[in-house]
Each structure stands twice: as structure tokens, then as C-alpha cells.
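The two complexes that follow have subunit A in common; it is paired with subunit B in the first and with subunit C in the second.
Let's look at the complex of A and B:
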């Protein structure tokens, strides 16, 4: 319990630290959202001054930070200059789409990589292992950007998948079933890019964990006792590899919001990625900070979940000097 | 293929790539910024060996392109005149090691054009731009990694060697940086820098941003090595003989971190090349007219370009051998230097 509390506190401190750092970066930045307006002769300096005062940009940095923190406590996370909406609302409407994409892709990658990893580890250095390892290495050398672009070309050439966006132009007129079908068609491509991108990482991790577990003296002796192979694999080796699986689980939670940034932009999936890019180009400060905070939150939460699960599952960690 | 052979191939491949970008001026037939408005999106020029009469030539030649009168960016070969590929031709000026040269590896007599990898929307030669762009992208990776590693080395060794309060503070900072998703962090830092700057300034800003974002992981790893090296018997002995902190670090402790250092370099360099490519692709990095692999890919955000002109994908394809080379190298170094004792 004390351990859990300490970890939570630590996570909270990291979040506060990240928010302070982001604000410091803001201070370093030349220009702001209203800079471009100054060039516009139709906007009077009065108006700009008024707007800056309205958003509190004329105040000193610590005051702005405190105001922002208060707004976070209220659940608004500051206001977007461009949309005039609370950042939390704006981000949530986009984060939903990102999460739909990344959670599905993480699940799929898990479903494929765990059996494959176990299989490869069990047949270590035989041809089944060699082929899968070579395949994963090959995938690993293909940068995400190329993967996404190549899939997009495939889609455009074959016309089999809908390319770009999340819905067709006539989406609003479709029936419920057709709507789901339409989203699924748009969904396939970014999903494939993400799964292919994460698969080799997951697979390598699972395989390494299983190989380590299979080399344990206890497994060797189980083998010598003539216990059937499948029983050794699933009853003894898999639990022994639990730690590495748990940390992989934490990792996939941690990257839920950041893994798909680039893929989203390339395939114009209406998630956080395109919004973040837009906000950066428009210098929509609080939106950028909000997106950074949210994805940091996921990272911290992922690590926390992994640590807590490890703590619960592994008595060695519980007794050790934590 | 044996392990050793693969590493050798990787090293040769990477040296060839780096050699090619260093000699970009000589190897590229055209200036990277030179536009040929008559040939937008020209496909890769075909090298011919058999001419219209069907007789075989020992040396490749090419035909000129006639733009189609009806459609944009469609071409036909003009079979009436053949241009042999010439070696060591005189062409645009470039500077090599401070000397101004105009000798190029290969070229075509006027008014012909040779576009080995086609042209982009402004009729600029993709092959020349690929070579020149590699300078930006590959060098950005190298410099940024050097920056990250030296920062990591400094923080890690101070933290590990002196311990105590310094160590605690620095490691909290490391955790903070590790807790930030790096692509977001990169975006965020870039967000707060001016958008419209000259390509040179953009390049250095980009390198500094990428390099400073990634120092935390090498710092933590190097700290670990220093921490264990500090307690080695011979280090204690040297200390007993009155060696100073600086001498101990330089002579006995930092050499121990070499394995981690090199492995991290092989991991970070491709990651940073990709970071440059990604940022420039999104329009946040090095801008036109200077080519970089990232901004060359930028036009592919328009679907019709992506669909019609596959050769525009070339800069992304070059990344594959680069990544492969570094991956083989990193695996090898990891096994040899960190666990091989």
C-alpha cells in the first residue's frame, strides 16, 4: 500500500514537472498566436491588447501557470485561441479517435506477437524461429513513414480500402450498419500501418522473455523429468516470463497516444496527431501543452501500471529494497 | 550468412552511403536547386543499350523526353536523337573540400537531360537532390547523436561518480525527460521556435532540439557503468595512490563506458535521422529550397502525387539500408562490447 502511494506521488510529481518544463519552453518561444494579427491593418492594436488580456497573455509566467493550473483543476485545461473552446473538450474529441485506433492495434499486435514469440522461442534457432526473426528484423528496418506511405500507395492503386480520413463524404446519410462499415473501411489502413510497426518490437520482446524463461534451471529439470512440452511451456515457462510480458503491457499503455502520431498525419486520421500539428503551426499554446500533458499522463500511467502489476505478481520485487 | 560477414557488409554499406553524400557535388549530375520547368514529374530516365535500328551498343545512351501536349507530366521518348551517357563532364559549380569544381561523375550533352530517379514538381533532378538531401539528413543524425551522447556522458559520469545529492537531482531530471513522449516533446519544443527561418538556422536548431531531447537515456546507462566502475579494485587502488577525481574519470572510468557509448550511438543515429525526416516531412524542419530527405517526401502528403509518381518515394526507400546497417551494427556492438567480456 505504501509502495502504491509512493509510486502515485512520484507519477504526480513527474506530471507537475513536465507541465512546468512545457511552460518554460513557452517562455523561450518568440511569437505567439496573436503575432500574425499585428500585421493585419484591419485589427487595431487595442483589439490585440484586449484579446491578449482576455487570455491572460500579458501576465507574468508564474501567474499564467497558476491560472492554467486552476483551469486544469476545473477540468478545462486552458482555452484554445483558435477554437475558443476549452482544451479538454477539443482534445477529448480527437483523443477518442486516436484511442480507437491505438487500442485496437495494440490488441491485434498482442494477439499475433505472443503466440508467435512463444513459438519462435520454443523452436529457437530452428527454421521456424529463423524465418520469424528474419521477418521481424526486416520489418524493423522499415521506418514508420515508409510503411504508412507504402500502404497508402497500395490502397490508392488497388482502390480496395478507403484512403484518408475516418469517414466518407456522404457519411451523415448512411444507416447505422453502413456507418460502421464505412469507418471500418477507413480504419483498416492506419490500423495495418500501426500493427506492422509495433509487431516486430512486441515479437522480439516476447521471444527474448520466453527464451530467458526456458533457460531457467527449473524448466531444464522439468524437461528432464519428462513433463510434456506443452505443459512446460504454458504451465511453467509462461508464468516465469510474466515479468517481461507485464513490462510490455505497460509499454503498450504508455504509447497509446504517441505511437500513432505520424500515421495519423500521413493518413489524415482525425486523431490527436493532425490536431497537434495544426496547433503547433498556429501557436495554439494551451492545445500543445494539453496534448503533451495527456500523452505524458499515459506514459506515466503505463509505467505505474506495469510497476504495480510487477509488485503484485513477483514476490522478489515485493521483498526487495523497493 | 555468418554474423561477421553481415557486420562487414553493414559497415561497407554505411561507408558507401556516407561517402556518396560527402561526394554529392561530384556524383550528382545537377545542382539540387536547378529547376527544369519543362519537365515536371518526369519519370526516371531509361538507359538504353539497343537503338531504334536494333543494333546493340556497348555503352548506355538515353533519349530526350517530349512533354505530352494534352496531359500534364506525361512524356514520350524522342527516338530521333540519342544522347550517350558521358563520364566526367563539366557542369554546374559545386565546392568540394573548399575547392570550386565543375567536373561531374556523369552527364548528358545539351539539350538532353538525365534524371536517374525522375524529377519533382519543379523539374528538379531527384537523384541529385537525394544525394544533397542525404547530407542534411545523415549529418543531422550524426551531429544530434554526438550532442546527445556528450550531454549524456557529462551528466551520467558526474552523477555516477559523485553520487549523493548531485546524483539524486540529476536522476530526477532524467526521469522527467524519460517520462515525456519524445515525439511529442520534439514537436512541442519545435512549436516554440520560430517557424520561418533560413534553412541553415533551421538545420542547426533542429539538430540542437533533437540532440537535447534525447540525452536522458544515455545519461542513465552511462551512470550505471560509472557507478560499478567506481568500485572496481584497481580504481580504489589508484585512488589510494592519490589519483585525482579527474584523472580517475579520464583514465580508468570513462574508458569502461565505451561499449555503452558506441551501442547507444548506433541506436541513436538512425533514430535521429528519422526524427529529422519526420519533422521536415511535416514542414517543421529544414525548408525549401535546400533538399533534405524529409522535405523531399513532404509533397507526398498530397495523394495524387503519391499515387502517380512512385519515384518521389526514393528518400524513404534509402532509409531502409541505413536502418538495416545501423541495426546490424547496434546488435553486434551490444553483444560484443557490453556482454562480450
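Let's look at the complex of A and C:
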């Protein structure tokens, strides 16, 4: 139990640290939301001063941070300059879409890479292994951006998938089943881009982890006792590789999240990605900080889930040091 | 009488990318009869574990095996993996040097024993498997069988872990047990306990034993016959008495000089100081006798070609020019 509490505390500290850092970076970056207005002769300097005061931009950095923290405590997460709305309201629906995409692609990528990695490790150096390894290496050399663009072009050319956005223009008039179908059709493309982008990384880790596990003395000895191959693979070797795979799972959330932000922009998926980009360009500070904080939160949560899984799967951690 | 196990001219190479193959076993031949205990004696790295793994066809994929292995007249080197699975544990069992790492860290030890039973008795119910596992736990000397059954390996001592490994090895009633230095990671008292246990179980289960060790004192205790291995070859073979009390091969002589006179006294491993020099690189084929660079009795002929096996006495073999060859 102490182990989990420690991990939880660690996560909280990371969140606070990131909030301070992102606050510093974002605020110290040159230019601000109201810089462009200064160039506009129709807006008087008086108005700008007024606006800046209203958003607290004329205050010292620590004071702004404290104000922001208070607003976080209230659940607002600061205000968006561009929309004049609390950041939390803006971000939440976007975050939901990003999560939908990230979690589904994580599950799918793991679901494919675990059996594939086990298969390749079991046939190490033989044909099945060589082919899958070569395929994954080829896929790995394609940058995520290129992959997304290629898929997009493919979709537009073939008209097989809905390209861009999350819903069709007539979404509101559709029935429930048709609505789900519509989202699924729009979902396929970004999902494919993410899964194809991360699959080779996961596959390699699973394969390497399994190869290492299969060479362990405990697996050798299980084989020496005549325990059948299938049972060795799933009951002995996979759990032995689990520790590193579970840690990778936490880390994979990070990879997927950043890949997701990119793919979202390319495929105009209404997630955090496009919003973050827009907010950065407009220097909509609190939206940027909010999106960064939320991404960090997902990361920390992913690692916490991994820690809990680790705790459950390994009796040595569960019982603490002997 | 036909032997239980016969190994004939066994060669094993380990392969790695961009390197010449490491010839770890270079033509090993020997037999093991029913109920017989054969000791394998040799320095670290001479190929003892490789031999044990090769017999059960457990070598890594990046290796090459040549020669023949007969068990109960069945040739094992070309047996399909499925058939090998049935044989491992049920006919030939293997226990490893370090029981701590040979047990799975996240499975209860009882489960690991019951799993072996399940592998060879597909018709057993979960209850039968558990009862079988508890019975064998009693046999290897545990009293609180239920507590042990539910333990994880890291909760047990080194000696207890090795008992669990023995239980796994014996639950399916093999005729041959290969023990690869089963006690060398244990302290002296525990080592003596495990050796006594193995001796008792060998009698009770009429097991043949292949006992691998680099410690002559341990083999004096365990073996009827001894094979001395140097650089992947058997350089001397004879009864335990003969080999330990009057070794023929200069390597065996040097090895035994490193232990106290009274080899029956079970001394700790550190008494075994090394012979000066080191064995040849397995990636190269030595022109003459592989032991020549370290041999105190080297002759001119020794560097020119490999000595072949001779029988200076009945039931004794040696590979050295001192005895012909």
C-alpha cells in the first residue's frame, strides 16, 4: 500500500512541477494575446491596458500563478482570451475526443502487438519472425506525419472512409445507430494512423521482452519439466515479461498522446491537438497551459495505472521488500 | 545390458553474428545405465551445462547440435518438439544450479509443481494435481506442506527453493535425473542436506543420475562413475574411486591436487583453487592436445595433434599421449 501512496504522491508532484514550468515558459515566451491588437489603430492603448488588467496580465508572475491556481481550485482553469470562457469548459469536450482516440488506439495497438510479438519471439530467426520484424522496421521508418498524410490521400482517393472531422455535416439529423456509424467512419482514419504509427514500437518491445523472458532460467526450467509450449508462452513467459511491458504501457500513453495531437491536426479531429495549436498561435496562454496540464495528467494517470497493474501482478512488490 | 542413455559423438556449437562458431562440445560420448550415478567433473566454462541442456534439447536457437543421443533406444536429436515435451520431466528431468532463479518469481511454488503434474497427466483433476504436489512436497522434506504450497519463491530460503525444484523434477516419475551443480550456490550445511535428499530419493525412485559439478568432493559423495571434461571433450573416464584416488590425465591430476587429500570430507568450494592458465578459446580448434599450454607433463608430440582415446585399464578411458593416444 505504501508503494501505491508513494506513486500517487509522485504523480501529484509531477503535476505541480509541470504547472510551474509550463507557466514560466508560456509567460516568458515573446509576445502575448494582445500584441496584435496594438497594431490595430482602431483599438486604443487605453482599451488594451484595460483588457490586460482585467486578465491580470499586468501583475507579477507569482501573483498570476497564485490566481491561476485559485481558478484551478474553482474548476475554471483560467480564462481563454479568445473565447472569454473558462478553459475547463473549452477543453473538456476536446479532451474527451482525444481520449477516445488515444485509448482506443492504445488498446488496439496492444491487442495486435502482443500476439504478434509473442509469435515472432517464439519463432526467433525463422521466417515468421524475419517477415514481421522487417515489416515493422519498414513501418517504423515512416514518420507519423507522412503516415497520416498518406492515409488521408488514400481516403480521399478511394472515398472509402470519411476524411476529416469527427462527424458528417448532417450528423444532427441522424438516428442513434447512424450516428455511431458516422463517428466510426470518421474515426477509422485517425485510428489507423495512430495504430500503424505505434504498432511497430510496441511490437518490438513485446518481441524483445519475450525473447528475454524465454531465455530466463525460470522459463528454461519450466521447459525442462515438460510444461507445454503454449502454457510456457502465456502463463510463464508473458508474466515474466509483464513488468517491462506494463512500464511500457504507461510510457506508451505518452507516445500515443503526442502522436495523437499531431494526427488530430492533420485529420482535423476535434481533439486537444488542433485547439492547442490554435491557442499557441494566438498566445491564448491559459488554454495552452490547460492543454499541457491535461496531457500531463493523462500521462501521470497512465503511469499510475501501470503502477497499480505492476503492484497487482508481482507478489514481490505487493509484499514489499522481504 | 542396454544403457538407459547413450550420447554418441556429440558436438555443440554456439553461433553468433559475425563471429566464428564457439565449439563448446567437441565429440562427447558416454553412457548411463539404469540406476547408475554418473558424475561430470570439469572447470567452469568447459561445457557441462551445455551437455545437460543438449540432452534435453533445450539449447538456444542460435546453436548447432551434431551427433546422436539415445534414451531407452530412442534417438532424441531428431525427435519432434512435441515428443520432447512429453519426455522432459516424465522420463528425463533437469535441475539447475540456482534454484532461486529457476523458479518463476510470480507464481506460487505449489502451482509450479502442480503444473508439471498437469503437463504429464492430462486427465488429472485440479484436486489430484494438488494432492500430487502436496505428496511430493512431503517427500522432499517439507512439514507445513500447505503453507509452502501457497508461498512465492522469494519467501523461501535457497535450500527450500532447491527442494521445490527437486519436487518439480520428480513429480512425474522420471528414470533419469540430470542435476547441474544443484548445490554449488548453497552453503555447506544446506548443501549436505540436499545431497542427502538426492541420495535418498535416488534409492527410493530407482533413478539414474547425471550429476554435474566442478567439485570433486561433492562427486565423491554422489557418483559411481566420473567423466572428466576439459574444453568440451571427455579426457578421462572411470569409476569414482579410480578417478578421484588415482587420476590418470594431467588435468584431472591438477584439478584434484587443488582439493584436500581426504576428498570424502565435504569441504567448501573455495578450497578449489584454479589451475594456472586458461582453457583454449572455443572459437578456435587447437592443433594439439587442448590442455598442452597448461600441462606440466607436456611432450613434443602434444602440440602436433590431438590425442585419441585409449583404455589403459579395463573400464577406464583417457585422452593423453602419456597412455598412447
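The rule is simple: the second predicted complex is superposed on the first by the 302 of 322 C-alpha atoms of A that agree within 3 Å, B and C clash if a C-alpha of one lies under 4 Å from a C-alpha of the other, contacts with A are read in each partner's own complex, and residues count from 1 in each chain.
Following the convention adopted for this analysis, a contact is a pair of C-beta atoms (placed from the backbone, for glycine too) under 8 Å apart; a residue touches a chain by one contact, two chains touch by 3 or more.
What you are looking at is a predicted structure, and each value in this text was computed from that prediction instead of being measured.
Novice: Is this a clash or a fit when subunit B and subunit C both end up on subunit A?
Specialist: When both complexes are placed onto subunit A, subunit B and subunit C end up side by side without any clash.
Novice: Between subunit B and subunit C, which makes contact with more of the residues in subunit A?
Specialist: Counting contacted residues of subunit A, the larger count belongs to B.
Novice: Once the two structures are placed together by chain A, how many degrees is the angle at subunit A between subunit B and subunit C, based on Cα centres and rounded to a multiple of 10?
Specialist: 90
Novice: Name the contact category of A:283: first (subunit B only), second (subunit C only), both, or neither.
Specialist: Touch status of A:283: first partner only.
Novice: Just to be sure I read the superposition right, which of the two partners does A:313 touch: subunit B = first, subunit C = second, or both, or neither?
Specialist: second
Novice: In the overlaid three-chain picture, which partner chain does A:291 touch, first (subunit B) or second (subunit C), both, or neither?
Specialist: In the superposition, A:291 touches subunit B alone.
Novice: Which holds for A:265: it touches subunit B only (first), subunit C only (second), both, or neither?
Specialist: first
Novice: Please work out whether A:91 is in contact with subunit B alone, subunit C alone, both, or neither, and reply first, second, both or neither.
Specialist: A:91 sits against neither subunit B nor subunit C.
Novice: Minimum CA distance, subunit B versus subunit C, superposed model, integer angstrom?
Specialist: Minimum C-alpha separation, subunit B to subunit C: 8 Å.
Novice: Considering only the defined contacts, which subunit A positions touch subunit B in the complex?
Specialist: Checking each residue of subunit A against subunit B gives 14, 17-18, 21-22, 25-26, 28-31, 137, 140-146, 149-150, 152-153, 156-157, 163-164, 255, 257-258, 261-262, 265-266, 276-277, 279-281, 283, 288-289, 291-292, 295-296, 298-300, 303.
Novice: Along subunit A, where are the residues that touch subunit C in the complex?
Specialist: Answer in residue numbers: 124-125, 215-229, 231, 235-236, 239-240, 242, 313-316, 319, 322.
Novice: Could you pull out which subunit B residues touch subunit A in their complex?
Specialist: Contact set of subunit B toward subunit A: 172, 175-176, 179-181, 183-185, 187-195, 274, 277-278, 281-284, 297, 300-301, 303, 306-307, 310, 313, 316-317, 319-320, 323-324, 327.
Novice: Quick one: which bits of subunit C touch subunit A in the complex? Just the residue numbers, please.
Specialist: 53, 56, 58, 60-62, 81, 85-90, 93-96, 98, 101-107, 112, 115-116, 119-120, 152, 154-155, 165, 168-169, 172
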